[in-house]
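Chain nomenclature is as follows: A, B, C and D, assigned in order of appearance, with residue numbering initiated at 1 for each chain independently.
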Amino acid sequence: MTTTTMDIDSARQVLAAQPFARLVGTEITEFGGGRATLVIPVRDELRQQFGFVHGGVLSYAADNALTFAAGTVLGPNVLTGGFTVTYLRPAAGDRLRAEAVVAGSTRRQAVVNCEIYAESSDAEPVLCAVAQGTTRVVERAL
Amino acid sequence: MTTTTMDIDSARQVLAAQPFARLVGTEITEFGGGRATLVIPVRDELRQQFGFVHGGVLSYAADNALTFAAGTVLGPNVLTGGFTVTYLRPAAGDRLRAEAVVAGSTRRQAVVNCEIYAESSDAEPVLCAVAQGTTRVVERAL
Amino acid sequence: MTTTTMDIDSARQVLAAQPFARLVGTEITEFGGGRATLVIPVRDELRQQFGFVHGGVLSYAADNALTFAAGTVLGPNVLTGGFTVTYLRPAAGDRLRAEAVVAGSTRRQAVVNCEIYAESSDAEPVLCAVAQGTTRVVERAL
Amino acid sequence: MTTTTMDIDSARQVLAAQPFARLVGTEITEFGGGRATLVIPVRDELRQQFGFVHGGVLSYAADNALTFAAGTVLGPNVLTGGFTVTYLRPAAGDRLRAEAVVAGSTRRQAVVNCEIYAESSDAEPVLCAVAQGTTRVVERAL
């Protein structure tokens, strides 16, 4: 598989092959050109004790979204080295949307910014968390 | 509830009140004196496409563990502002253990370090990820 | 001093009042609307042992630029809680340019992204580092 | 130069070869066994507008200290990929001390924790900032 052949259908297959992404219920709605967007329908199992979406779901979403965004510029054989997430507001609403955009890249690594919004059908999206991570090419797939 | 009354039983109740922690299957095994340890039995639903534990599970574990550790010095009304996680090795094994230790604190915030190990009954624990986060006191519970 | 009165001249005065910014030789070229840009002429004293600009100069530039950008939306009484910086390439060239843009904010805090470029008169700017930090309003100036 | 030959004298030479470390006035007082400590005498040129040490000096100190600590386990040909710093308290006092300790490492990278204290002869050291960064082996020196 070469770098250039990965499209949103391939990305969807990768996501479907991740049992934890299925457990959370993650969908991919955008993939390409340095960008990837994941959507997570909010259900009770994703909440913390005050009824908001658990911070760990937001951090998972950041990890997953920024890795996909890096894959659009680095190809499929990538490994995320780590990331930082900052929580701005509690996440309520019907679904999360994690938008990841490559901020800069070399042939071997990409730095990706990610914004996580809580969305409802009757209100403006609310920016709940912002993240930044680094993803690198691995010589051989794991 | 005052700061001093929170013990491991209270912490266990907080964790049990987090639906997402239950979905993941998190247990708390240490709580007090600037430290908290969470254990997550590894099952297939927590994996990514190569069979290792999903990075998002590790980042969730860091978020949850460091917030509990901060709670031992700041009291129960805390909010984690964000954290950084770095992945060192793919996580295999039977269970994850996230050990969080307060690195420094003021009356209003704590910086917490967290180490995440993959463990099996027949091998040494493997350090898979390291994290550092900041948690602050909230004046009113949300 | 109210939030709305701070303009680029005020920002320049703040920068001039920071002895370390003067030691480095930092100038501010943009301030307003969630954005701040700092420029640092490169001279030998700012380098590391291989002749590139020292990573510590880049991290200082990120710290300073993102605090100013936050100040454009939060007002002058702000304190940066911390930041993450990722180095993409060694920094050569005649000057550094640190462009900080607010990614999201509440009344009390702002998350800011920052890109640091190395520039020369005869070449395209090179993105050398990317950062993300959090700045909060302080009730009283320190 | 092999990994095992680097000692504190070599480290001191590396530091002396960094013009920016000389501009700041950094000294190295500990190097070995996964640890490195840097000391920076505080002088007026290192301050911000309120008389405290500039946050950018603390972030520079973290960058430099954690890279040396990583060098004790990875050898001299290393490159710091980035780091996170969190500020806990304003830094006053006579000197900064940045203590970096390797938290975990593989053959190719190390994650390092760093604590930065402000010290005076007549008071207890004050923890002012905490950092965590990642350093990797480079195949060839730059």
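Here is the rule we go by: a residue touches a chain if its C-beta (ideal position, glycine included) is under 8 Å from a C-beta of that chain, and two chains touch if they have at least 3 such contacts.
Molecules present, by chain and UniProt name: A, B, C, D = Medium/long-chain acyl-CoA thioesterase YigI.
The structure presented is a predicted model; accordingly, all values stated were derived computationally and were not measured.
Undergrad: Taking CA centroids for every chain, report which one is farthest away from chain C.
TA: Centroid comparison gives B as the farthest chain from chain C.
Undergrad: I want to compare two interfaces, A-D and A-B. Which one has more contacting C-beta pairs?
TA: A-B
Undergrad: Report the inter-centroid distance (CA atoms only) between chain A and chain D in whole Å.
TA: From the centre of chain A to the centre of chain D is 33 Å.
Undergrad: If you average the CA atoms of chain A and of chain C, how many Å lie between those two points?
TA: Chain centroid spacing, chain A to chain C, equals 27 Å.
Undergrad: Could you please state the distance in Å, as a whole number, between where the Cα atoms of chain A are centred and where those of chain B are centred?
TA: Comparing mean C-alpha positions, chain B is 21 Å from chain A.
Undergrad: So which stretches of chain D touch two or more other chains?
TA: Touching at least two other chains: 81-82, 84, 86, 134.
Undergrad: How about chain B: which of its residues touch chain A in the complex?
TA: Chain B reaches chain A through residues 14, 17-24, 44-50, 52-57, 59-64, 67, 79-87, 90, 129, 141-142.
Undergrad: Under the stated contact criterion, what part of chain A meets chain C in this complex?
TA: For this pair, the touching residues of chain A are 84, 86, 88-89, 103-106, 109, 111, 113, 115, 127, 130-132, 134.
Undergrad: Touching chain D in the complex: which residues of chain A?
TA: So the residues of chain A in touch with chain D come to 81-82, 84, 134.
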